[in-house]
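For reference, the structures are reproduced in the following blocks.
Both of the next two complexes hold subunit A, though its partner changes from subunit B to subunit C.
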Partner chain A sequence: MKRMLCGWIVGLTMVAGAATAPAQAPGGEEIMRRSHLAMYYPGEDMRARITMRLVSRDGGERVREMTMTRRTVKAGGEQRYFIFFHRPPDVRDLAFLVWKYPGRDDDRWLYVPALKLVRRIAASDKHTSFVGSDFSYEDVSGREPEDDAHKLLRDDTVVGRDAWVVESVPRESGSADFSRKLSWIDKATGLPLKEEYYDRRGDQVRVFTAEELKEVQGFWTVTRRVMKNVQSGHRSEAVLADVRYNQKLSPDLFSERALRAPPVELTR
Partner chain B sequence: MRAAAAWAAVRRSTVEWSADHPWIVIALTLLLTLAFGSQLPRIKTDTDPKNMLPVTSPVRQYNDQVEGWFGLHPDVLVVGVWSPDGIFTSETLARVNRLAEAVLRLPGVIARDVVALPTVNDVTVVGGTLQARPILDGVPRDAGEAERLRRQVLGNALLVNRLVSSDGTTTALYVPIEKSANGKLIAAEIRRIAEKEAGPERYYIAGDPVARDTFGAEMFRQMALFSPLAGMLMCGVLFLMFRSWWLVAANMLVAMLAIVWAMGLFIGLGIPVHIMASMSPVFLMAISTDTVHIFNEFTFRRREVGDRRQAILQTMDAVGTPVLFSDLTTIAGFASLAIGPIIPVRVFGLLVAFGTLVVLLMSFTLVPALLALTRQGRSAAAPRELEPASRWLGRVGGICVGWKTTVALVGVALVAVSAVGIAKIRINNNLIAWFKPGSEIRVADAHLGRALGGTATLYLVADGRRPDTVTEPAFLRALEGLQRRIEKEPVVGKTVSVADVVKRVHRVLNDDDPTREIIPDSREAVGQALLLFSMGARPRDLANLVDNPYQKANVMVQLRSWDAVDTEALLAVVRRHLAERPIPGAVLKPAGIAYFNMVWNDEVLIGMLEGFIASCVLVLFLLILFFLPWLDRSPDMPISVLSTLSLGMAIDFAIHFVSRFQQRYRETRDLEDALIWTAARPGLGIVRNAVLFASGFAVMLAAALTPYITVGAFMIAIMLLSALATVVYLPAVIALFPGRLTRGL
Partner chain C sequence: MKRGLFVLVSFFAVARVSAAAELPIHGFLQAASAYRLTRPAACPRPQRLACAEDFVLGEGRARLELSPRGDRWSLMTKGELTWDAVGGEVDGELREGYLDLKFPALDVRAGRQVITWGVGDLVFITDVFPRDWVAFISGLPLEYLKKGSDAVSATGHWAGTSLQVVLIPRFEADTLPAAGGRLAFHDPMAAIERRRTDDPSPALERTEAGLRLFGNIGGWDASLYAYRGFFHSPAGEPEPGPRLRLFFPPLSVYGASVQGAALGGVVSVEAGYYDSRSDRSGGNPAVENSSGRLLAGYQRELVPDLTASGQYSVQVMQDHDAYMSARGPGMAKRAEARHVLTLRLTQLLLHQTLRLGLFALASPNEGDWYAGPEARYQITDAFSATLGVNAFGGPRRTEYGQFEGNSNVYAVARYAF
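Right, the complex of A and B next:
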């Protein structure tokens, strides 16, 4: 009940934010806080079938298919993720569990089916690649807005959608793999439409684009997202299919036991 | 015959006009020189071995593909940090950390792909928890932590001899740089950063881009310093021969004009200067000494003919044709280099050919104009008719004619012996060896070769031909077998492949059990190990070794030697190994800078040397057999055909010898006398010319870069040997087969 309430509050703030926008634009901090909720916290839980394509500069492809589930313990705060791999065949049944805490390192576990082993994974580095893609762990589970200072720069449009352009600079320079980030936040949904990451020398490194937005059960969702490393030419594309919110996922799913024996509906 | 008449008419009218309008000729020359000269400041150098082959060459295209598949960079600096107490102390590691930080910020450095202790993630297991973090993640606080790090690093097969030497005294940073960046400047930046650190450490900076760009800078020095020096030396020799400063100055003027015009044209066209082209000024100076014949003849005629204009015209009548022919053969010889596949050789050939064309043009325009203006000529000391050297040459000629059969046979035998020698030539191309021992870059390279795996990179790319081949255990085991085999070769310092990654992760997953550092038996275990690695490491760490579809694997081989012959020998070992133990379903192809150097080596140097040797050996004999009967008729087809076999310069001697011999024979009708006279009189000119040529190239012996020394020595040898062959073998051969040369005279 409490969680549902959270969802409502998020939804209401978004609507309120959008409604008041013409009169008085919210500040950068406010926009990013809302965007964080819109992107990573819609619904009390969520599941989706993700097809991730890793494409190198010369077009060589690697495809991974997984089911991701997410359960929010506290809106804007603690969350749990369960990721089950379907394809390619050699990594089938591999499963990954993340308990995300605000303000401290995540807990992560991995089940390696070939060795029938569960291994805990230290999560000191959130900038490392998510399963070899151009997305980092942070891109998947969200970087806490409080870690950066945000400034609203201007208004802009991205593919016909009105957006705020916000500049984010890490409060602690070592805490991020970027020195500066520009985000184009959709005024209507609060979702990031585009993000540009800059390295310490000020050169652009990665560009995120939301290529497809869909409304699912009243929640706007980025169902096709691309992260491109403009320096290496490598890019990763994640397509979310079969997105469902508020499935009343059991907390037991996000346990070490479920890693070894996940419920059948996730592994199909 | 018609061609000859037409040529004579054109020549005469050109010379007459030039002699009548000297100031116009000089003004026009000056104008054109300014136009070409204004291009000189735009000079660019190119020392990248890749640009030796055209963009369309298969080796180059494949190399680019390999770099694309595995996200590799063609230009990588290697920075070594050595500490007498070993690098695993808090102080040294702090310095390594600071150095890496600073290097990552340097413009031109591809920061995301810098490989160093602070930027490479290691996957370890501590108390059952897998950890992926930079190897040097913050500086160890005390000796205990440093010792733990030392054990961790030295226990990781992926790192030993690549990032850290097995004795723990040296660590390396691999710094890829942008294609547009200058390796020498970045190396200097890094050196400056390192100098700020006071400590017992020593820093070594090596790698192909440093060598190349240092070499490029050295090339400018070479051109700026050695070309004028060569010019001065040749001036000195010219003066000793002719005792006329005026003649020396005019001769050098022609040389300078040829250099400025040719270099100006090529630089203006945007063509970069390669090592070969940087030697062209010395070649052009040597070639322009051809005008000596004109000045020489003029001093005689001026004395015989009172009228200066008449003397000029007669001079050009006498020497015009030999000058034309010798310049044309030179032009054809150098231009024929443009047929070959090697870009710098093409540029060099065309540059010298164009410069020679300028010399030819000057010979019939500027030189007559200068002669028309000068009051000199009388004061130039006449060469004494029979100097001791000349008498001696005459005696040699006499002996050669007397013993013609023996001399000819000895000549044939020598050619046969040289042919055997040529077959045994092992050409070796080594960019680092282009620097002298003791130079900073060689010291750095030697240290990194000794302590670590070396700085030359070879890629062995195994293509499984369909996706996911790489995850097959049999494929990985074959790859591993190949690595173990080539690691036995002393030249191989380190090999890394996806097999090493799989083994490492497998061990870590099994609680760091060293006995589990093996390739697992199932394809699933391999795939899962790779996925796990890609979750912990930086994407490039895996991408460098396996392509996205897991179809191709890259064995990165570090070589301790830049010698092309070592690469060649190693590839032979690889081939033999694969013949016995093939990688299932895969084909293996080499790439990388070490392979490139090898291919380049084969194509460039062997091709060039063949050209040089063919020119000095074949020309002298073929010339006599085919070329000379045509000499007085039309200079078309045979010249260019023959010239493809030669570099044209050695032919000059033969042309002068034979044409002067024919003149003498026409007068005396005595074969033996004509031969001995030719050996004594024009023979002296030929020897002088050769000494002059050689003195110009002798300056290159003092160069700081060995290719200049080699080419210098080679050219000196060619000049002196071909002169010797002209005065010794030509008389003998002509005496043996007089018919062809005297027929129709």
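Right, the complex of A and C next:
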């Protein structure tokens, strides 16, 4: 159980700010840098109620529900996440705290309510599945754009939206769970509309799709996203509800004190 | 039985009130059983049940949890009703029941609560709070190792530093294998069957007190601890009669711990000094000597969903010479230092719904060991099934070796809501 929870990390920040489309197409590096900010850094802070469905090939379904809060310490850099789990019952009332640093391992803490125990979690591998879903830790808290080389391939449209298609290749092989990634970046919002992940043999492994975009307090947000493992047929769908930005969340929320006694508005 | 009925009635009463107030009710139904893998070699008369009973555990359990929350307060109640199929008894218990009050820089918790200190994994130094070793040995889920304390705890927070003060007016001892129970254990005084237990009385001067000062220093979680109270496992002293008097000798503990990210994983260090206040010279064979204790641990995720951790700990007796000259015949002959190594491996499979785990502990110099492989499958979000083994071994007078005859295979099924 303890280790199972290790998988349950950081917050799904499928969130975005409005990036202004320039007259001339920027390069692949610039597109991905902006997309990273649009997806993971909108607002000073945000909170959302996230329902995640894990669906197997034969239709078996499991549901994880959590309240996630995020506070940005430095735009494009350090962030803090606090996640409170509502269900399933075996993780109810469990709380997760993450201090994310660019360029080095996160600090992660887990609070196990049955034991009244706050425990550090080893955070060395960012490719571990988040709560057993098809999203990895890195998918939900963001892979740093500098870790990959990006090349703008072409223009395309995704469900009627104009997009740039960018190819990303890890600068260090082994630093990612893909050897090549194709991203369809929405020209209007900077958000990824679709991503395809390929393994070393060039086979497609996972496909990400943004299925619903909403503007919340001026920030474009992916409120429904799906990650599908095309090889296993397993897929995970995350829906964000009750999204709020710039709530002036106190830095105290991201501390051991809050792990042990979360603010009531996060626990309901 | 009466208590069981009372709890059952309370369950329904609470359920009605809860439904009326639209409070969420949670809990679980659980069936657990553990079958002895080996027979105890021999059982003295008071332990004959341990030799006669194949099942060390066979029970059904129902838990109801109610936790209303307000902006500045919250209440937690966890009640349990247990039907012991082996002994044929029904019992009720309030596992936790406390009120939390939140002030701007102060959190207060009053009532029955679980208190956990320290950074060890099944190796405890500064965590002196009561434990249920019978539950652990019998294969119940790990949460049953911790018992609640009837306590008041207040934690103040200033500028990134916190101070917790704990007062426990009612002493709660560890639950250990005892004469008449289903578990076999080493009893140097087995010949004396008449026994009485002196509980530390609830007088004011006997209130247990704990202090914990903690904060984050340069990315490390650091804590200082102090505790004044009693050993939670009893000492035994023969009296005329003959009769064995069991009592809980005074104990103070001073300690420190740090935990942080380093070397590609998590590093933990904890140290403590046990001051056995009634036997500072170490000359009383019944009372545990003062000792120094140290623990170092490292945890790392080897590949996604596979985590390994290891610990080394040592406990050094302060007055080993005095202990050796004072110990009576039949009592364990303990080394000056007890070294312990532990290993934990956890592999998650099938989208983290199947967990294969192994915890192993061994003392290289005293020769005792424990191994606990376990598989837990979350069949649905509500149903889980666990199968595992508790295996003990080593010389019969050692900490874990004495439980060899209790080695068991256990199964737990739980429906949670």
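Definition applied: the second predicted complex is superposed on the first by the 245 of 268 C-alpha atoms of A that agree within 3 Å, B and C clash if a C-alpha of one lies under 4 Å from a C-alpha of the other, contacts with A are read in each partner's own complex, and residues count from 1 in each chain.
In the analysis below, a residue touches a chain if its C-beta (ideal position, glycine included) is under 8 Å from a C-beta of that chain, and two chains touch if they have at least 3 such contacts.
Keep in mind that what you see is a predicted model, and the values were worked out from it rather than measured.
S.K.: Should the pairing of subunit B and subunit C on subunit A count as a clash or a fit in the superposition?
M.R.: clash
S.K.: Is A:257 in contact with subunit B, with subunit C, with both, or with neither (first, second, both, neither)?
M.R.: After superposing on A, A:257 lies in contact with subunit C but is clear of subunit B.
S.K.: Which partner chains sit in contact with A:29 here, subunit B, subunit C, both or neither? Use first/second/both/neither.
M.R.: Neither subunit B nor subunit C is touched by A:29.
S.K.: Check whether A:205 is in contact with subunit B, with subunit C, with both or with neither, and answer first, second, both or neither.
M.R.: A:205: touches subunit B, not subunit C.
S.K.: Classify the contacts of A:268 with the two partner chains as first (subunit B alone), second (subunit C alone), both, or neither.
M.R.: The second partner, subunit C, only.
S.K.: Could you look at A:117 and tell me whether it touches subunit B, subunit C, both or neither (first, second, both, neither)?
M.R.: both
S.K.: For A:131, using the defined touch cut-off, is the partner it touches subunit B, subunit C, both, or neither? Pick first, second, both or neither.
M.R.: A:131 sits against subunit B and subunit C alike.
S.K.: Which partner does A:105 contact after superposing on A: first (subunit B), second (subunit C), both, neither?
M.R.: second
S.K.: Kindly classify A:88 by the partners it touches after superposition: subunit B alone (first), subunit C alone (second), both, or neither?
M.R.: Touch status of A:88: both partners.
S.K.: Return first, second, both or neither, reflecting whether A:234 touches subunit B, subunit C, both chains, or no partner chain.
M.R.: Both partners.
S.K.: For the combined three-chain arrangement, which segment of subunit B clashes with subunit C: 93-101, 327-335 or 543-551?
M.R.: 543-551
S.K.: Once the two structures are fitted together, what part of subunit A is touched by subunit B and by subunit C alike?
M.R.: Comparing the two interfaces on subunit A, one with subunit B and one with subunit C, the shared residues are 54, 56, 62, 88-90, 92, 114-115, 117, 120-122, 124-125, 128-129, 131-133, 234.
S.K.: Please give the residue numbers of subunit A that touch subunit B in the complex, ascending.
M.R.: 54-58, 60-62, 85, 88-92, 94, 110, 112-115, 117, 119-122, 124-125, 128-134, 199-201, 205, 229, 231-232, 234
S.K.: If you look only at subunit C, which of its residues touch subunit A in the complex?
M.R.: Going by the criterion above, the answer is residues 26, 28, 67, 69-71, 74, 100, 102, 107, 113-116, 142-143, 146, 155, 157, 162, 214, 216, 219, 221, 259-261, 264-266, 268, 299-301, 303-305, 307, 346-348, 351-353, 355, 357, 376, 378, 380-382, 384, 416-417.
S.K.: Where on subunit A is subunit C touching in the complex?
M.R.: So the residues of subunit A in touch with subunit C come to 1-4, 6-7, 54, 56, 62-63, 87-90, 92-93, 105, 107, 114-118, 120-125, 127-129, 131-133, 136, 234, 252, 256-257, 260-261, 264, 267-268.
S.K.: For the complex, give me every residue of subunit B touching subunit A.
M.R.: 65, 68-69, 71, 104-105, 107, 110-113, 121, 125-126, 128-134, 137, 468, 471, 509-510, 520, 522-528, 531-532, 534-540, 542-543, 547-551
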